[in-house]
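Which chain is which? They are A, B, C and D, in the order written, and residues in each are numbered from 1.
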Amino acid sequence: MSCRKDLAGQLAAAHERLGGARGKQYWRSLDELAETPAFMALVHNEFPSQASIWPDTLSRRKFLSLMAASLALGGIGGCSVKPAPTVNIVPYVKPPREIEPGEPLFFATSLTHAGSAVGVLVESHMGRPTKIEGNPDHPASRGATDVFGQAAILSLYDPDRSQTVAHLGQTRTWEDAEAALREALARQRDKRGRGLRILSETVVSPTLAAQRDELLAAFPDAHWHVYEPVNRDSMYTASDWAFGRQVDTHYDFTQADVVLALDADFMMSLPGHLRYVDDFLSRRRLRQHGGNAAKATMNRLYAVEPGVSCTGAKADHRLALRAGQIESFARAVATACGIESGGSVIGGSAAGNEKWLEAVAADLQAHRGRSLVLAGDRQPPAVHLLAHAINDRLGNVGKTVHYTDAWDAGRTERTASLKELAEALDRGDVELLVILGGNPVYNAPVDLALTEKMQKVPLRVHFGPYDDETARQCHWHLPEAHFLEAWSDARAYDGTQSIVQPLIEPLYQGRSAHELLTLLAGAEPTPGYETVRRRWRREATTEQAADFEAFWESVLHDGLLADSAQPRRSVTLADNWQRHLGAGKTTAEPAATELELVFEPDPTIYDGSYANNGWLQECPKPLTKLTWDNAAIMSPSTAEQLGLAHGGYAHGGEHGGYHMPVVELRLNSRSVRAPVWIMPGHAERSITVHLGHGRQQAGRVGGADGHTVGFNAYLLRTSEQPWFAPGLELVPTGETYLLAGTQQHHLMENRELVRSATLGEFRDHPDFAAEPERKQREEQTQRGSLAIATLYEGFNYEAPKHKWGMAIDLSACIGCNACVVACQAENNIPVVGKEQVAAGREMHWIRIDRYSTGTAEKPEEFYFQPVPCMHCENAPCEYVCPVEATVHSSEGLNDMVYNRCVGTRFCSNNCPYKVRRFNFFHYADYHTPTLRLQYNPDVTVRSRGVMEKCSYCVQRIRHASINADTEGRPIADGEILTACQAACPATAISFGDINDKASQVHAWKGQPLNYSLLADVNTLPRTTYLAAVRNPNGKLSEE
Amino acid sequence: MAKTLEDAHRDLIGPDYTPVGHDFASITQQISSLVLRRHTHPGWLALFSLGNGLILMFGCVVIYLLVRGVGIWGINIPVGWCFTITDFVWWIGIGHAGTLISAFLLLMHQKWRTSINRIAEAMTIFAVMCAGMFPLIHLGRPWYFYWLLPYPNTMRLWPQFRSALVWDVFAVSTYFTVSLLFWYMGMVPDLATLRDRATSKLGRVVYGMLALGWRNSARHWHRYEMAYLLLGGLATPLVVSVHSVVSSDFAISVMPGWHETVFPPYFVAGAIFSGFAMVIALCIPIRHFYKVKDLITIDHLDVMAKILLATCFLTSYGYLSEQTMSWFGGENVEGFLYFNRLIGVAQYAPVTWAIVFCNVLAPQVLWFRRVRRSEVMLLIVSVIVLAGMWMERYMIIASSLSRDYLPSSWGIFRPTIWDILTYIGSLGVFIAAFLLFCRFLPIISMSELRAMLPGAHGREEGT
Amino acid sequence: MPQIFPPAMNIISKVTLFGSFVLAAFILWVCLILVRSSYGTGTGVVHVQPVPFSHEHHVGVLGIDCRYCHTSVEYSSFAGLPPTKTCMNCHSQIWVGSNMLEPVRESYRTNRSLRWQRVYSLPGFTYFDHSIHVHKGIGCSTCHGQIDQMPLTFQVPSLLMEWCLECHRNPERKVRPREEVFNMKYKPPANQLELGRKLVKEYDIDDPATITSCSVCHR
Amino acid sequence: MPQTALYGLLAEFVSAQQILDATRRAAEAGYREMDAYSPYPVEGLAAELGLRRSRIPSVVLFAGLIGAGVGFLMQFWSMAVDYPFNVGGRPYNSWPVFIPITFELLVLIASFATFLSMLFLNGLPHPHHPLFNVPEFSRASQDRFFLCIEATDPLFDPRGTAEFLERLGPHGSIIEVPHYQIVEAPPSGGELVTATAQGPKEAEA
């Protein structure tokens, strides 16, 4: 769009100014700029002016200078002590349209994760993208985002992204690369591309798919392989077996009363999970029943899984089975549902769960057509097949389960495709290998020995965002542009066509895949914009084409093409489907004694592609609360048996560092060393490891030149057993390794922190949550105790216009951490690194506490409790501050004034919720120019020795109230969304004006479920919680 | 062994704090010569350079602190305070004995204060000096400390007077000033003596300046005594208030293990406890090296030991009441904390039991007269008590914070080398300062001793 | 010979002893004055600008409205600084030859921005919003002084927090009718307080307690 | 030798009892402008000199009240009047928490008042004084007691007063205290010379 074009011009000019230098040089010159005396003085200024907070150099005025094409860090003088500072201020030469200085703009685009697109809105401050929100109109988002979406903005500014074309490590230009490629392609064209192989990740972009087909048309004998380490092979195999065609399975949780998840973490990992969470919870939100508890209904979720996933943690009943046992469990369910599936009992170590099984089967059958069985991508095809069969038998198909033609059908078998390539490489008949994205050298199945085989290829080209392990194995490395820098399009999980539009000119030399493909196709390199637009024009229906410009603008505005989802297709179960359950096609039940190794994509850095993202590395894993590492995760009793136990998980568990024993994991003659982590609730004799760690060439954050983060679990992963494997040997090494976790203690020590009840109990006593306080008050009045007496009269918050408050629904929270990262992005929260986290100094303003009931050895239920600042009306932090650095605003905000803080830390000591965070060191990054571009100009960047904490996103409150005021209208409810609230896929957070009787937060706080955390400390928190309610099966719960 | 004549005499007429076998001249001679003698004892030099070495190290630590930030210490969230505040409370506590001895015992007309009050007051001054440093450096950015002082700034902001930290600023600075006045005022007549006996020009000028032209006029003595008494009267409640204020750094909070009404008396008792331990620990070597056993007699040590024992019980009562309250209070969080203190092996239980040994059990040996009159034993006991009281403050601060309301944020404190060096450095400051005092000022009040001699106030003619 | 000091010492010593208190007070007073001086605040300092732009000429003489250049002052926190294009609107016709304006033309030619020296610079932790002040009837001249009479622009108020508070504590003293906001000639009427109270009510300006809350300006 | 050169006559005594008796008899003899000097406060000596109870206590009380008042008002004004903040829901005037500082300031101001008023009333600091011209007098801060009848006393008469002092049985002879130190002995200044000459001898004795 025009404004961006103008900015493009500006930045182009910037590059000009830097002596036409780009890439590495460009960076050198930036560093030089960063070494200007003013800057150094500032960075090392130990005695700055009013406060040692660096005046946020990325504020509006600061950014002007940047946009105006000067990267000389103007305005830095703003912090010299005396005399009064002089600051540069730099206007545009020609004002770009649409940009209103100081006011943020939002653009709709989409980001691709795990093979499908999620629509997002990107906040741009004068051409500088700073924050990603979900796109409410997008079916895969509905306004929500996950940690990956929130953290994507950081990777845009990642200084470690590859900045230049490189040949054998030497800096080159695109022209050189083009020349080399043309020459090689010319040779291939003669032999119809026999020697040409292309390896890409899942092709999500229709335009790219079209370009692919054109390319293959031009080179008939060339091959295009697709590989991703985290793939859905077994699902597609199963759909082949079941229906004789490749279909995508979609679930409609809004229609399901009973859900059985077979190792399927649909809340966190399935494509479309954001949507699924919303749908699933739409059947559980008791708050929508208002006071009428008697009528309250909920769906019921059964989960069977080896490790503890968010889905399992939210389940009403969770059964911990080893991954290898789940198939036989599925068979048993099928049999119980009257399906001839062979093997009607749960064998081996799963014995003793018959009661559970019967209850589930009964419940499923009692809800024919309103039940749902899902199989996880980690499970073998047989389990998916059984799931299809059960859904079919229960008449769920077409009601809770829908099928669509697989997007890009026929190209879905990832591992097989890579195998082919490996063989071709081995045969040596590959002459030109182009790797489009992905990092196969790092994450390909180890048994394929891809790296060695690659060496036989005379010309290897890698196109990707990072100069990573794969790039190091290729002759040419071509930098790929970030999705916020390039034009493209993508398909959502349901096939909805979404647009990907850039918000900023590429910071480095990156180009988009589209541009590269035009090059491969031999055409003159055309801008991605043209390619994408051309295809959309081609695909446009007649009425769209009639006024294409308008159509195009609307697509850009919405970020998607409405109703472009794949059409549903009715499929019938092949009558001979059972034969696929025969021997060979199924996994053998692991022997009771042997250990099982289970692979899992990392909850925060996924398959390793996010390894260089500090926010994600430091984001605690939802259940283990580990940061900066992966580990061999096992249950307490398994650890006990292996002699690896430590008391940390149960009593006196510390948040911070823990020295854990290191073991060697041996699986068919391969081995890695891994620290142990103990996770109550994990299946016995089963050990989960997260993929994606141990990167060698990720970057300064994720591991490079010798230092790695965690261990590389891919080294044990084969194409035969991609997800779990029995026969694991575990050898203690006697060493220990420091792991940094933000929470270890699992139990609540019978303090009513998370208050919970079953649906039944809730129906009988809707106000159970307030019970403890009521009892206390009664006792006090009986004893005539003075506990309520005070010398002081309270403040009146009804008088001021607003009374800000927050309510958090614990029934809804799935513990996904989206709020944590969103807050980090919004509020310029620094990354402190593993050592500091281990020292108990992480900086997250909102954290998600994870508790379990029962015993640590045998936990029953898991609960998540997001804890931001409570903004207490009787704030204990305030009256102990000697300098009024934290006081109450008249609207009830617990203000934190960084520039007044002298750092006594008394407030944090006296905070019962421990939500305050302290800059023990100089955490904020003032050195890396690109990272400073990411900072939110409306939030002060805190410096050393200053306390900070959740502010209820006061910058958003101020912005909204000023806008409302200037427009002479009241602030509408929902006009202010805090960052955490906006990101939450579960809509578990509500924020607003409690004085506004019509506001959502007022309604929530009116719920009988509403209670205050640590109410007996009489802090009168403004953040309250809605108690968690579960819907267990009576048959199972009575024992 | 055969009793010395002195012992026999004491057995007959009970403890006697008057300097035996002295007259005006000899007292003057003995004490002032300690200051006025030309040569300096090598032992003094050795100790002094040790102190300065520690100060040097302390300086380096502080500079590193200012450059890097408070992160160099082991503190974290939840334990935002630890060693520095522990040291602060410990030093302040030690400071209390001095003023108490001089002021409170003055009001009580206790004779035995006379020989030791000067030493005790000096100790107070230096202890409070050391204490005062810690709140400053624990900020990590001490150059903002002045924001805690009320002055008309351009932000129109004032200190937040509800915060116990601001109370500290006023309490500690007042305490320091008043102690200093008291100490100096008590010293003026002795300074006059030194002025008159000094042989070097420099000595005469310096002591002359400090003596303010004191000439022992009866009219001056008249007002002087009144003023001294009044200062004592003001200082006594001050002592009590200061540690009560310090204790409210914790008592006004809502943290389990901090939020306790017993704290003020409990802290004051502990303060006197550690203070007397320090006085004893200082008196014993001084008796030796300065050969003033006849002025600071064994009876002085004996009576101080008795006070040590008494305050030991006050302190123990504090421990007891804390535990009982936590058990019978029925406060879940509180109860957990105290139980955890006793059994949390991975955390603070070892410290707890060490405290019980040092502060409750060890002093019990003072029941025995033989122990009270044995310098070695006394020295050992008082050092144990000093260590114990440091650990007590450490325990109160660290363990309470590490086990507060939300189990999710529990975390223990692990000291770093910098924590320890900071503490040791402050010891250096104290040692050096105290040695300077011993060398250049009269360590025992001559004028007051004179007043205690037989016939000092007439009668007993013809001795 | 015991007598150590000359008679004069009696006076000297007394004076030093009792005078030290006075001295301390005096030093404090000097510091307080210094931080408020123009040395500390930069008040009245004229910065060297790439082009000696005269508000006196453009506003005072030519009577150009503030909003012609500071376009976003009414709806953005940032008043806006005129892009070179705005200058060239006129200066492509008039004064085309003047050397004084060469930097402007050069900027326009080369597409490189003019680098002005900021005159009013607040510390970064202070968030000021023009739109709301303009909207609530605070005139330009209230903070920027008689800028229409400034050949070269300089900072008029101290920009110290105490200065902000003067107005935030009693807005009625400074608020003026909205239509007068951009009027440089505006003089507060005799009944300013009375008018002020009326306008405060009319413009719905929050009570002092609210607009002196920290988070209003510091985030 | 002019009268003005004489500050007073000084008699030296060795015991507290002697100085007490001497002072009493001098007072009975009607001398008022006199002062006794002792190396420590001798009980009753002030009474013999007819000193009234000192005014210091009232000064201190007054100062203390000032301190407390200033202390409380400072806190009240800054917390409740000048920039009232809602701090943890506490009222602007949270008087109970203002008490500690009020008390501390009471003590601080009162203590200063005590010390300074003592100095002021005693006319200290006063490093130069005629008495310091007398070598013997240096023992006033060590082991000797002195009675000095000053020249300004109406009954003072150099010869008569000297004789009167002699009758009190001083240790050694009566010493004339000159206003100004005589550096070298004038030809006809017998007394003074002896006075200064005696000094060392006495000291050695």
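We adopt the following convention: a contact is a pair of C-beta atoms (placed from the backbone, for glycine too) under 8 Å apart; a residue touches a chain by one contact, two chains touch by 3 or more.
Nothing here was measured: the structure is a model prediction, and the numbers come from that model.
Novice: Through how few touching steps can chain B be joined to chain C?
Specialist: 1
Novice: Given the two chain pairs C-D and A-C, which is bridged by the higher number of C-beta pairs in contact?
Specialist: Per the contact counts, A-C leads.
Novice: How many angstrom lie between the centres of chain C and chain D, each centre taken as the mean Cα position?
Specialist: For chain C versus chain D, the centre distance works out to 60 Å.
Novice: Once you find the CA centre of chain A and the CA centre of chain C, what distance in Å lies between them?
Specialist: Measuring from centre to centre gives 46 Å for this pair.
Novice: From the C-alpha centre of chain A to that of chain B, how far is it in Å?
Specialist: Measuring from centre to centre gives 57 Å for this pair.
Novice: Provide the C-alpha centroid distance between chain A and chain D, rounded to the nearest whole angstrom.
Specialist: The computed centroid separation for chain A versus chain D comes out at 83 Å.
Novice: Taking each residue of chain B in turn, which ones touch at least two of the other chains?
Specialist: 155-160, 162, 166, 195-196, 208-209, 212-213
Novice: Provide the list of chain D residues touching at least two other chains, using ranges where the numbers run on.
Specialist: In chain D, 83, 85, 87-88, 90, 94, 97, 119, 125-128, 132, 137-138 touch at least two other chains.
Novice: What are the residues of chain C that contact at least two other chains?
Specialist: 2, 4-5, 10, 13, 165, 209
Novice: Based on which chains touch which, is the overall arrangement a line, ring, star, complete graph, or other?
Specialist: Graph shape here is complete: every pair of chains touches.
Novice: Considering the complex alone, what residue numbers of chain B touch chain A?
Specialist: The contact residues of chain B facing chain A are 66-71, 74-81, 138-141, 143-145, 147-148, 155, 157-160, 162-166, 169, 249, 252-255, 332-333, 336, 340, 344, 346-347, 401, 404-412.
Novice: Under the stated contact criterion, what part of chain A meets chain C in this complex?
Specialist: Residues in contact with chain C: 9, 13, 17, 49-51, 53-57, 59-62, 64-65, 68-70, 74-75, 78-79, 82-95, 100-103, 800-801, 887-891, 893, 895, 897-900, 938-941, 951, 954-955, 957-958, 962, 965-966.
Novice: Looking at the complex, which residues from chain B come into contact with chain C?
Specialist: 151-152, 154-157, 195-196, 204-205, 208-209, 212-213
Novice: In the complex formed with chain A, which residues of chain D make contact?
Specialist: 85-91, 94, 96-97
Novice: Quick one: which bits of chain C touch chain A in the complex? Just the residue numbers, please.
Specialist: Against chain A, chain C makes touches at 39-42, 45, 47, 72, 74-78, 80-86, 107-108, 111-118, 121, 123-125, 127, 129, 131-132, 135-136, 204, 206-207, 209-210, 213-216, 218-219.
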